[in-house]
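So, here's a batch of structures to check.
Next come two complexes built around subunit A: one with subunit B, the other with subunit C.
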Partner chain A sequence: MRDLCTLMGYEWKKLLLRKGNVIVLVISLALVCFVQFSLLLPGFTPHENMWEQMREVRAYERARAGNEITALHEYHANFAETLAFQLERGRVSQRGGDWVTQQHEAVPTPWIFYPTAGFGNFFSRSAFMTLVIFTAVAVSIAPLFPNEYRTGVAALQLASKYGKSKLVTAKLLTAATFGLMVALFLTLSALGTSLAVFGADGARAMLQLYEPLSIYNLTVVQGAVILFANIAARILFFSAGVVLLSAKLRSAFSTIIIAFVWIFMAGMIFIPVAIPWIFTFSRLVIAVTPDMVSPVRSTFSIVPYEIFGVFVPPFIFEGVFSLVGGIGLLCCAGWVFKRAQVG
Partner chain B sequence: MLTLMGYEWKKIFMQKRVIAVFAVIFILICIGQVGDLIQPLSPIPDAVQTMRNNREHARALTGRELDGDFLYEIFRETEGQNFWLSPYRNIWHIIRFMGEVESPEEAVAFYTNRDNRFAMLPEDEFLMNRVSEGGARWIMQKNEQLPAPWVFAYTGGFDIFLNRANTVAIFLFFVIAICIASLFAAEHQTGVAPIMLAAKYGKSKLIWAKIFTAAGISLGLSLLFTLSTLAISLLAFGADGGWAMLQLRIPFAVYSLTLSQAAWILIINVCLRAFYLGALVALFSALTRSAFVSLILATVYMAPATLYLSLPFNEIRWVFNLNRLIIDFIPHPTEHAVSTFSFFPYEIFGLFIPPFIFEPIFSLVVGAGLLCCAGWVFKRAQVG
Partner chain C sequence: MQLIIDRLTKQYKNKIAVDRVSLTLSQGVHGLLGANGAGKTTLMRMMCGLLTPTGGSVAYNGIDVSREEYRDVLGYMPQHFGYYPNFTAHGFLCYLGSLKGLSKPFAKEKSEALLSQLNLTDVAKKKIKTFSGGMKQRLGIAQALLNNPKILILDEPTAGLDPKERVKFRSLIAKLGSDRIVLLSTHIVSDVEDIAHNVHLMKDGQIIAGGKVDKLLSQGQSLEQLYMEHFGDSEGENDYA
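Right, the complex of A and B next:
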């Protein structure tokens, strides 16, 4: 075990001491923090005095914190319309519809108003943040295995004492933990910046104040934690995939091509899906990419997954799917590298 | 020289990964062009038959003036209908070009609304940041020269091509970046560079061969991609309507062009922008000496345009013009503000030049300069 930790330490060092990786991480950090408040700055928006306006709105909202919101007709109408649309498309079965309605009715009314700008802003920028996290992770870990081949060290490593066992495990665990740490680090920085700029109040507010169509009885803090867990699971799947590719292709260049296709193209190919199983399939594909539209919308979607008659909310099913898939891919990558014939 | 270029082409196109990515993306683009007709992808049942019926209907109306009565008819027939099933699908967006249209009166007032929009141009602070007084007058003058009323035509094939041109361009630029990223870098990475630079033709002909290869690849691939997507669109949806006004597709355009002229202009634009991008990637490749880093830089460079991120300080005129020249470089034919057929001209020494003329010339000149830079960087590289 101690050997494994030492080996992982070396791999982490290799990752963190590379100048390129440090630059990528610093730029990513600057980007995700900056976009949280960029729209308040002159030059980034056509409107003037956004910063002062934000403060005025915040003061106005704070004065009304704790008020009840009783006029929810439009909300109920919107919910009914959305559910009817999904039922008509066949994306939710009749029993699924009952489940959704039941969840919807379990959301306590009347709603209590709290200012949620800090969390709301974090949620709105989450698509961009996920994209940055994915890109940073891909760029950093793509050379992990190929560099051993390129520098000719792979032949030595595979013949050495721990080369086919502990070293491979150490590399895989490094890739996975690096992905998770980058995700955690960037998410926390983004959330921290957003709360610092827009105000940290509203932790008790319900998620519906940001995403009115959500049917789950969660607070915004729980929402943020669940969103992070989902992004972490996505990143685990993605970094495992990148490591598998790099072990298979033995070239950082080829790996990064496929990783970019994975990141960018999945969000660009729009399929107006009318067949339920293709819809489920494309949802699961989107669940392992940075969702370009809105990770919040897909994570807290009202359409549940139905497995053997049990209805599972997307934030649980997609998280578990990416987690299990990611671990599977990691095992595959280890197996590929162990079987690699050099020369 | 030609032999040397042949080697360079071989080096790039004999790579399995390049062929694989190229083939996959080419097939994707071709399928995307007719995606609306393929059954599981299409939102409507029996898509091919519906398209044919609608095309017959629209062809029967071709040549009719787009006057008040006709606009009224279009509004009535498309009101509350499934957009995809409408025979007026290709022109439906015209009557709602400024937002939702709720009454037939609004639909009939199309020309008035459109002219008012241009007449109000000098009062619109947001738009006037992007153009000078003289430029605004130039836009209005161009607009007045357009014939009215317009004449309806079935333009399905050209519509699809113009609509998807930016998607094609994004994929195309990515393929070009992959091909050219290793042009100079591979020599450094494999350690051939010191030998090459010491060889007989190493510092002269070989570098020119590489420069021409980069130009040839970007221009060749872009011609292949754009021409095949144009051909597929016209074959699948019908090649008629080339004589129709560009305004049937882009209501806000002020240029007196036909759709087929617009298609060719767009193709030239995409090709020359691809040339510019290829040159930039070649420069990255020579500077960073790593295909991996070059591709990352190229992707980061393309990201704002691909993701439609709005860039800062866009309300300052020269920043806006610089942005659309070098960063917002994906030719979008249906976006009004930033696009090949945008009504904002470039102003140079008091002359107003439409973007579809200025942008390709700029890309050609700057691209050639960048390519020479890339060659120079490689030539001066000190090895070891």
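Right, the complex of A and C next:
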């Protein structure tokens, strides 16, 4: 175990010693933080004095905090309409519809208003943030294996005692932990910036204040944690895929190109969603990409996954799917490097 | 202590790089002489588990080349020594020490001792990218010795060394051969002439002659003459006439 930790330390050191990685991480940090408040800057919006307006809105919302929300009939009408649409398209079975209705009814009422602009802004920008995290991880870990072949160190590694065992495990764990750390670091930075600019109020408000069609009884802060866990699981799957590509292709450039295709895949492919199994498949494809439309909407979607008659919320199923798939891909990457031949 | 290579073969699509090579190596220095492209590097890579043979086997005291126990007693210096340019010599040796299963303090201690032995103490804390060719080569030798290997495989280790370093290196190899198996490949006869107990001549993927140096040579013949006898044509000696 101690040998493994030592080797992981060296792998981390190698990643952080690369100037390119440091530059990518700094740019990513600047981007995810900047985008949180960019709309308030003059020149980024046709409206003037956005900053001043935001302060006024915040003061008004704070004054209304704790009041009941009375217009719930709109919410119920929207829910009924959305569920009917999903049932009609066959994306939710009749039993699934009953389960969704049960969840919906379990959401406590009356709703209490709290200002949630800080969290709301973070949720709104989560698609861009996820895209930046995926890009940073792809560029940083793509050279993990190719670099060994490029420098010629692979020959020394594969001829050493742990070259085909602990080193491989250390590399895979480094890729996974690096991806998770980048995700955590950038998510916390983005959230921190958003809360600092728009206020940290409303952590215990209902998630429905931001995402009215959510059927889950969660607070805003729980929503943020689940969203991060989901992004982390996606990143684990993605990191594993990138490492597998890098072990197989032995070229950082080719790995980055394919990783970019992967990142933008969900946005490029139009899948006819009228056929239920294709719809499910397309959801799983999106579950392992940055989801450039709305990670919040897909994570807390009204449509559950139905597994052998059991209904699982998307944030649980997609998280577990990415996690298990990621571990499977990591094992494949290890197998590829162990069988690598030099010469 | 025996390293047994049994009908080892490596075939690429339409080329046999190593053709049914069988050797039994015991303690001492073994020279592997051959022209460029004779198959020396391919043979050595298979002996280090870097290439999977098409046929045949390599085993040390019954331990197959594919096993961790084999790699635990192996020291290898490739023809083109790879390194991380931004690592220091000391840091790089410590890293390889960890890969070879040495504890951190022992790897540190051993690295310092080897850097001193190979006259690299002054540059131990300098980045490897600032090293000259000879210094890199010495670092390559140091890394091969980190785990005090029972099998030491050196692929063209004297390339890039100046004459003084070459002499020092030969005496180091001779010393190392006293308690381990050292296989040294080269196409420079003088590298092995005085230190090898056994010499194997390789041509077109096959061992064409091999054994104790004194038995290989006929009366008054030098190793260089023997080498020229076998490889004169392939080395293109007339080109410089």
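Please note the rule applied: the second predicted complex is superposed on the first by the 342 of 343 C-alpha atoms of A that agree within 3 Å, B and C clash if a C-alpha of one lies under 4 Å from a C-alpha of the other, contacts with A are read in each partner's own complex, and residues count from 1 in each chain.
Here, contacts are C-beta pairs under 8 Å (C-beta built on N, C-alpha and C of every residue); 3 or more make two chains touch, one makes a residue touch a chain.
Quick caveat, the model's predicted, so the values are computed rather than measured.
Of the two partner chains placed by superposition, only subunit B is touched by A:Pro143; subunit C is not. Of the two partner chains placed around the shared chain by superposition, subunit C is the only one that A:Gly152 touches, whereas subunit B remains out of contact.
Of the two partner chains, subunit B is the only one that A:Ile278 touches; subunit C does not reach it.
Using the contact criterion defined above for the overlaid structures, shared-chain residue A:Phe260 touches subunit B, although it does not reach subunit C. Legend: residue contacts after superposition of the two complexes on their common chain; A:Ala252 is shown touching subunit B, with no touch to subunit C. Contact with subunit C, but none with subunit B, is seen for A:Leu167 once the two complexes are overlaid on the shared chain.
On subunit A, the patch touched by subunit B and the patch touched by subunit C do not overlap at any residue.
On subunit A, the positions that touch subunit C within their shared complex are 3, 6-7, 10, 14, 17, 148, 151-165, 167, 341-343. Taken together, the subunit C residues at the contact with subunit A in this complex read 41-42, 45, 48-52, 68, 71-72, 74, 76, 78, 80-86, 95-96, 98-101, 104, 143, 147.
Subunit A meets subunit B in the complex at residues 20, 38, 41, 43-44, 46, 131, 139, 142-143, 249, 251-254, 256-257, 260-261, 264, 268-269, 271-272, 274-275, 278, 292. By the touch criterion given at the top, residues 17, 21, 28, 32, 40-43, 126, 167, 170, 174, 178, 181-182, 291-293, 295-296, 299, 306-307, 312-313, 315-316 of subunit B touch subunit A in their complex.
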